[in-house]
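Everything on this sheet refers to the single structure shown next.
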């Protein structure tokens, strides 16, 4: 079913139209990719869905509920999570603390800290277990108490993924998840994405690496200058001469 | 009767306008919250006092000396504090706190050297003139005339000279400026000089009228900042509108209730503007879109 | 000996103030210049009740709630403001509150102050000596210290730290940023009321001049100098700022120039620290 729908969404920044008349449906249980040259508006769409910027025109629906212009935390609580192009881990916090923050808990309200301290303590214990599981899952085991700023770029990226997974979101928006990551880990990452989707979740991702795109995407939207230029199965899109011309560097991709 | 208060309001407003302009010049371009400007203000008037009462320089030259000291001090702060902070890419909050530290040092040094009590320049009664039922003292007339004169010079400087045009461009796009070969640092020097002049003139005028003390700089600066917020952020002359508005409102408060509520009302206006119209009456709306 | 107790009592009172401002600055990342206003509101609220014959503890509890609720109404609109504007708004509130305390003579007796504030009575035992007060304020300090320790180490403390690190990332994880900041503000100001109440009953006289903008800057300096973002920083800062003037006096600095010299030292320290060690002497966090 269509889990996220964008209807006639438009956004301008200081007179320049970043995205225009966007109509998109994202199906649940699928991996959908947004591809296109830089500046095409892909990250802007993520920001609009996520509530980080407000739409100028149009609406966004999540499971038939209108979520246009809600605040980022409201949208997150509804079940849409994201990672950022520039990672954004909490540098001075440890790996464990970063992942623990991925999930809401009662202890985040000060009155609960004091009035319901037993419950908060119990929940914290459970969350630490869960967090350790995800830390191990992405391969950062043993680094729980390392401050995030001491991690390498690739490790920080894995951390942000672990933090996202902790949130058990229904929809995951991944902004260039494999950029700067070692090919070995990329493989593991692709497996991970498949597994997540097998459990009924939805992934929407932005990617520039066409090999990865062709390997895992079920559907693609090709954006150019803020508009949807084309959409379809990876085979069709990536095989299209016109698109390959627009999007340089496609000529060496096997489809 | 109200006309007397209106006139008084305009006269005090002219001082707020000057300080607001000087503060706006720095804030609009460099985004530095120059709290130490209050210290620069006070230093100007005390230098004026020193040269006039201690060294016995003629009034006019003492006044000039006061302005020069303000300018020099403003530049010292820029070179010692703000420029290194800019080079280190420190956050604005850190500059703010350094600025507060600077203010504390300057004002307490002055208090140490000259004492905490109010000092006056002019002894004796001021000659005054009647315009209908409005009474204005000589120094008040000088104040408003000076303001008009200075403001015209300021506008000419900003609109006609190259420096002025670059400063306005600085507001919109500092990176572009450096890419066309303009030295930002030299421009900052000009900005701090002009703003120092404005503070010096304002403080010496006030000192001649009602005297000075080490602590009045902060209250004047704060009202100057309110003038900027009310008049409009992001432009270089809107603080004038704010200054006169606040001056008149303060006067009306004195007329209707009493002088003691001036501060309260002034800052209530600040809060209302910050919450409901932060760009001010004539300012440009800031876009807060993150990411 | 009484002199030493006096200094320690001041350390406890300002220690509580700095721990509370630390929640706002070091954890919430919000620079507030209105802390002395809430210190004053707490002091006056307790005082006015004590004068009417209310016992210290109910008066204190009322004062904490009153200050907290008042701070909510200030926090709710102000927290939308960014950076400089937020600081400016807190500055505005500080001046407004001071003006009301100073000029609403009917309520607060204005500049004349309120003398003869009764000392706290615990089960008919009246705290009369500095030693009693030293123990009394020490206990409060200890309780507040434990309170903040629990809070800083809780999930709430973790969320606050995440907000100060990266507000956007934190929001993307479902953290309700304005609500969390408002809580920090409200708790911070409520705790100020404890200091205010302790101060009022210790000195047995209050007037508005103890709660000026300069006082807010002083409290802010404690947190900045000592360092924010953890528990040690504010305490070190308090000890330093309270004990330094006494050392100066000890060294024979005449009382006429001592206050000015002290201020100059604070100012220089602020400048130097911001240049070389923005996280303060023992802090973990430097302002963004």
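Here the chain labels run A, B and C in written order, and each chain numbers its own residues starting at 1.
Just so we're on the same page, a contact is a pair of C-beta atoms (placed from the backbone, for glycine too) under 8 Å apart; a residue touches a chain by one contact, two chains touch by 3 or more.
It should be emphasised that the depicted structure is a prediction, and the values quoted were computed from it without experimental measurement.
J.: Select the chain whose centre, defined as the mean of its C-alpha atoms, is least distant from the mean of all protein C-alpha atoms.
T.: Looking at where each chain's C-alpha mean falls, the closest to the middle is C.
J.: Which two chains have the most C-beta pairs in contact?
T.: After tallying contacts for each pair, the winner is B-C.
J.: What is the distance in Å between the mean C-alpha positions of subunit A and subunit C?
T.: 42
J.: Could you tell me the distance, in whole angstrom, between the mean C-alpha positions of subunit B and subunit C?
T.: 31
J.: Distance-wise, how many Å sit between the C-alpha centres of subunit A and subunit B, to the nearest whole number?
T.: A distance of 49 Å separates the two centres.
J.: What parts of subunit C, by residue number, touch at least two of the other chains?
T.: 168
J.: Would you mind listing the residues of subunit A that make contact with two or more other chains?
T.: Within subunit A, residues 52 contact more than one other chain.
J.: Give me the residue numbers in subunit B that touch at least two other chains, ranges are fine.
T.: 290-291, in rising order.
J.: Which positions of subunit B touch subunit C when the two form their complex?
T.: 31, 33, 81, 84-85, 90-98, 100-105, 108-109, 111-112, 218, 222, 225, 229, 260-261, 263-264, 267-268, 270-271, 274-275, 278, 288, 290-291
J.: Note which residues of subunit A are touching subunit C in the complex, please.
T.: 50, 52, 71-73, 76-77, 81-82, 84, 88-93, 97, 100-102, 104-110, 113-114, 120, 124, 163, 167
J.: Quick one: in the complex, what on subunit C touches subunit B?
T.: Residues of subunit C touching subunit B: 31, 77-78, 80-85, 87-89, 91-93, 95-96, 99-100, 102-103, 168, 213, 217, 220, 224, 257, 260-261, 263-264, 266-271, 274-275, 278, 286-288.
J.: Give every residue of subunit C touching subunit A within the complex, in rising order.
T.: These residues of subunit C touch subunit A: 150-151, 154-156, 158-159, 161-162, 165-166, 168-177, 180, 183, 187, 284-285.
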